[in-house]
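Some structures are shown below for you to check.
Look at the two complexes coming up: chain A is in both, with chain B in one and chain C in the other.
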Partner chain A sequence: MGNMKLTLKVWRQNGPNDNGKIVDYPVNDVSEDMSFLEMLDVLNDDLVRKGDDPIAFDHDCREGICGMCSLFINGEAHGPGRGITTCQLHMRKFKDGDTIYVEPWRSAAFPVIKDLATNRGAFDRIQAAGGFVSVNTSGNLVDGNAVPIPKDDADKAFDAATCIGCGACVATCPNGSAMLFTAAKVSQLSLLPQGHPEAKRRALAMVEQMDKEGFGNCSNTGACEIECPKGISLEHIARLNREYLVATVTKE
Partner chain B sequence: MASKGLFGSSLVKKYWMALTGLFLISFLVVHVTLNAFIFFNDGGVTFNTGAEFMAKNPIIRTMEIVLFIGLIAHIVDGLMLWSQNRAARPVKYAMEKGSANRSWYSASMGILGTLILFFLIMHLWHFWVKSRITGLHHYGLDAEGQENLYGAMLEVFANPWVVLLYVLGCFSLFWHLLHGFKSAFQSLGLNHKRYNPIIAFLGTAFSIVVPTLFALMPVSIYLGWIK
Partner chain C sequence: MSVKLDSKIPPGPIDKKWTDHKGHIRIVNPANKRRIDVIVVGTGLAGGAAAASLAEQGYSVKAFCFQDSARRAHSIAAQGGINAAKNYMNDGDSTYRLFYDTVKGGDYRAREANVYRLAEVSANIIDQCVAQGVPFARDYGGLLDNRSFGGVQVSRTFYARGQTGQQLLLGAYSALMRQVGKGSVQMFDRHEMLDVVIVDGKARGIIARNLITGEIERHGAHAVLLCTGGYGNVFFLSTNAMGSNVTAAWKAHKRGAYFGNPCYTQIHPTCIPVSGTHQSKLTLMSESLRNDGRIWVPAKLEDAKAIREGKKKGSDIAEADRDYYLERRYPAFGNLVPRDVASRAAKERCDAGFGVNKTGEAVYLDFSAAIERYGKLEANVKKLENVTKEKITELGRAVVSEKYGNLFDMYENIVGENPYDHAMKIYPAVHYTMGGLWVDYNLQTTVPGLFALGEANFSDHGANRLGASALMQGLADGYFVIPYTVGDYLADDIRTGPIDTKRPEFDAAEKEQKDRINHFLNNKGTKPVDDFHRRLGKVMWDKCGMARNAEGLKEAITEIRQIREEFYRDVRVPGSGNAFNQELEKAGRVADFLELGELMCVDALNRNESCGGHFREEYQEMDGPQKGEAKRDDDNYAYVAAWEWTGDAGKANLHKEALTFEEVKLTQRSYK
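Up next, the complex of A and B:
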């Protein structure tokens, strides 16, 4: 085991309707090679042994690709460090004796389920509102690879498609805006020829759903781009702004 | 589809914010240019000629109404965005390190805008009310026999506290523009690798040059650099 001693200030909330509060937990024997989630596992192990309720937090793949882990650590989404999720954050980023705040994503659209786990279903509903390409399945399907696509466009679409929907953009944004997520999901399709036919409808429908969910409004602070574990660019937000503008002005 | 219509959605609010913001920026260009006539240091004669033209020209007077509408739209739209953004995060973070990922002024546009509004109320009281409503008779005529708005400037800027408030107003404007100029282009979707550096440069240059020129006016009068 390791030799770091830490004090965690963790948000404990017994359910969606509980008020919740910050609770202090001393954690000993933390190795600098642990990931942040492994450190929480150790703490939870301890809590279970004592008969306490373990801290609920989201996690799944633990290799930075699923988008399940969240956590606002010491005032930053996924903690200090850039281009990483919380499962990729290692305890070597902290020092012996540090006090670490651990809070859930704070957004009206992401209600807390328990402790640090939030319901990010709002993202699924934005996606379902238009983040797809309708495919003709009647037997005359065109092979996607048969459609020529400029390399630059394909690269940009792929960059947008790397969004894992973790919600760090919303958590970080001083306005709680979901524009980076929505813009990435719009861009990954609208940059490709297969996405063109539904582009206007998609931009209108996804923004409408985004507004319905209670997210805030983008004010271009650029905070989301910096905290995004996948480095999704603000360029995509501008693209969504552009597409929505054209769609709004030209819709019948 | 967008059932909220042309004025309701978050993005449309941002378009209005950007368009009214750019319109107000265009007004600043006219305002700072005309006011800079005081730097001819000719007892305000050139400045008064310009001021009289602005006061009498029917197109300018019409644009003045449009300007007030644009300003009010910018404020109302801003308040709507601000209240929605507050509602989007009902529980605040116990620990939030905003400095890690954003400039303080980009996240303080509402507060900076409010400071500018307070400044504007004072500023309108000092000059607009006198030149458009109560009249400038008190200041007599200038060397060319024109209405003497410059005389009002000399009187207002003799007070060091007023000069200080004007300089603070210019600082608020500087930070508001430093984010607002670039932000307006992004909101309208005008983001392009080739042109972004030009927009950023113009935005920064504008934010420095215009408020500096404005701030120099009360300072120069107070210190007697121009008479």
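Up next, the complex of A and C:
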């Protein structure tokens, strides 16, 4: 095993109505090749053997794409390092003797389920409000090449579409705003011809749902862009604002 | 006793079967669809597409996933691409050629009619996804771009950088959420299916656990669709997500659904090697990298040894002292041989002592030639003169970065080494399972009303899946097959009315699950679940992995039975059943893997031949140009092994579905 010794200060909260508190855990034998989550696995293994309650945290793919992992580490969403999720954070970013704070996403719209796991169902509901193209399954659609799409537009749409819905933007924002998440979907579809017919309705419906969920307003601090593991640009928020403005002004 | 397996392949010529079948099977009228409930378990490409499409048609759908959102199903992690016979490249592709490549790639162990249908609907999938706003890669003319994948000689793979699975899944997810918004789909996330409930011989619902509250719930339906993915996590270490599991499929098996070809496992050749005992999963480096990366090991044992000891680096080895073993052994396909072939070749070199990392289990995947080639092309395009070597490298890196940037970043994060400067080190890892629940042409299992789609069924990939075909199959099953075939079954249910979940069958199934949960929680054991899972995985990898033999498989069966016995006696599951309890979730999944693993070994032991991902050391070519290649036995093993549960994984009953090949001639699969 490895040779790092660390002190973890972990948020423990037994359900949404519990007050919660920080609990200290020493962890020994940490190797720099471990991912952060593997380090927590080692700790949990130890807790189970001792008969203690292991720390609950969300994770699944462990390769930075499913968006399930969601830790606030030393005051940063997904910890130190840019363009990565917690599962892609490796212990070589830390030093022997370090103290590390581990907390859940904190947002009124993401209630804690247990310890570090939160409920991000609000994102699904924003998506259900309008984050789609209304096209049914059909084997008789036009050919995929019938409408050429300029490469730049396709690339920009892709950049927006890489959002993994993890919620780092919300956790990072001082206002707890979900603008970057919402903007990424609106922007992706507004950049593609397939998304145009419903553009206005989409922008209005998704923003309305976002507000209803209790997310805060965007005040352009730009923190979300910095912590976003997929590097989703603030430009998409600007595009959402334009789409929303046009939709509001021209609404019947 | 052997029930004859009826594959229900429609009559007629292969290219007319699906059209004729669709035209003749029964359908349910729109008013009646509203009175019919369908449960879809799993929300990956197959499940997400099926749930959305069936809801669009008017069925009342309940969708389940264990993740916190339908968008996180493991299809999201597929990287390289999706095949479709569009022939946009004018390189001779066709429905027939995609069909042929897939049957051959599967080493002639797939059902022809299913594969032909898959090839036939492949083009529709691309059109559907484009219409949903999936941002596929495009060229400067604004048209869809393609690349090549292993085992084929055309470019038919559509992609969205290295995140194709993500983009396709988000497309299916958006269609699903549209139906959720309309109220046509009821979504149950953070729910795990624990059992299927059979009433009068038909699947009529499921027992599920709400993973947040721990509540055991009953859900009734007229049909149940399992879209629950593969079982690669039986090996503990695999490229699957941590939560990927076999529980839904295994419980269905124990309720009467036959399990098809469980031993067919895909070991993917290009994954990041194991770094230590803490390892929780392995990360894939997309097969698309083999378009441009060249795979090699040192030609001299002393060089390999020096590299392992840290005395030399890969870049110190002169061109003449490198062994590009895939190009050497398979000149026609080179680095783009199918996955099973590439994996075995890597194992062969490493076993012979040529591995290039500390553990001796790694080979190089090198992009330096591609960087130089692309750099020169870019210099020409940009009309640069007198370009330096450094400039060419810079230009070339930019091209490689645009194509594979996210993969290179992933690699650097995990390994801590920049793959632009140093050749990647890779090794095979468990990736996909071709085996799964046996289904007929309609995707129905041997239990009426219980269907299996995508990786959860056995049907389309034979003994080896070609790259970029899993996404194709998931979406084909979900968008274009099940919406037709489920209607034929449900046509009998228009007058059934809602399924009563107070029936004794639901009582009994619920009690069984509660008893099992209580056993785990009350067990006075000492070891965490992962302990047993890791041990099971090691047995599977060593004895039922890339190479198998009769003796090892027999040992594995004994060892798995021991681990299973110990697991029930000594596992410790803390906490309560009425709360969020991740250790309890794992315990249930590992309990099922401990039975499945044994069946996989039984199946591998039964199949006295080598085919695709199933390589039995006793059955290989001993001499001639094909020396060391897999040796099939078509006379005795051209069948699907469909196993029936009898109460003990080791005593499953074997049923055989003979595979008949009318279109494709059975030959030795050669990529030389």
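Keep this in mind: the second predicted complex is superposed on the first by the 245 of 252 C-alpha atoms of A that agree within 3 Å, B and C clash if a C-alpha of one lies under 4 Å from a C-alpha of the other, contacts with A are read in each partner's own complex, and residues count from 1 in each chain.
Assume a contact is a pair of C-beta atoms (placed from the backbone, for glycine too) under 8 Å apart; a residue touches a chain by one contact, two chains touch by 3 or more.
Everything numeric in this text was worked out from a predicted model, so none of it was measured.
Engineer: Considering only touches as defined above, state whether A:His78 meets chain B (first), chain C (second), both or neither.
Structural biologist: A:His78: touches no partner chain.
Engineer: Just to be sure I read the superposition right, which of the two partners does A:Phe158 touch: chain B = first, chain C = second, or both, or neither?
Structural biologist: second
Engineer: Answer with first, second, both or neither: which of chain B and chain C does A:Tyr244 touch in the superposed model?
Structural biologist: first
Engineer: Does chain B (first) or chain C (second) touch A:Arg202, or do both, or does neither?
Structural biologist: A:Arg202 contacts neither chain B nor chain C.
Engineer: Contact-wise, after the overlay, does A:Ile226 reach chain B, chain C, both or neither (first, second, both, neither)?
Structural biologist: first
Engineer: Determine, under the contact definition given at the top, whether A:Gly176 touches first (chain B), second (chain C), both, or neither.
Structural biologist: After superposition on chain A, A:Gly176 lies in contact with chain B alone.
Engineer: Just which bits of chain A does chain B share with chain C as contact spots?
Structural biologist: none
Engineer: Within the complex, which stretch of chain A touches chain C?
Structural biologist: By the definition above, chain A touches chain C via 1-2, 15, 31-35, 37-39, 41-42, 44-45, 48-49, 51-54, 56, 58-68, 81, 83-84, 88, 90, 92, 113-114, 117, 119-121, 123-124, 127-139, 141-145, 148-151, 154-155, 157-158, 161-162, 164-165, 188-189, 192, 194-195.
Engineer: Help me check something: in the complex, which residues belonging to chain B touch chain A?
Structural biologist: 1-4, 6, 8-15, 81, 84-85, 87-98, 100-103, 106-107, 109, 179, 182-183, 186-191, 193
Engineer: Hey, which residues of chain A end up touching chain B in the complex?
Structural biologist: Those in contact with chain B are residues 9, 11, 20, 22, 72, 74-76, 80, 101, 103, 106-109, 172, 174-177, 201, 204-205, 207-208, 210-211, 214-223, 226-227, 234-235, 237-245, 248, 251.
Engineer: Any idea which chain C residues touch chain A in the complex?
Structural biologist: Those in contact with chain A are residues 49, 52-53, 56, 67-72, 74, 76-77, 86, 88, 121, 124, 126-144, 160-161, 163, 165-167, 170, 173-175, 177-178, 180-181, 187, 189, 212, 241-243, 275-281, 283-284, 409-410, 413-414, 416, 479-480, 483, 526-528, 530-531, 572, 574-575, 579-580, 582-583.
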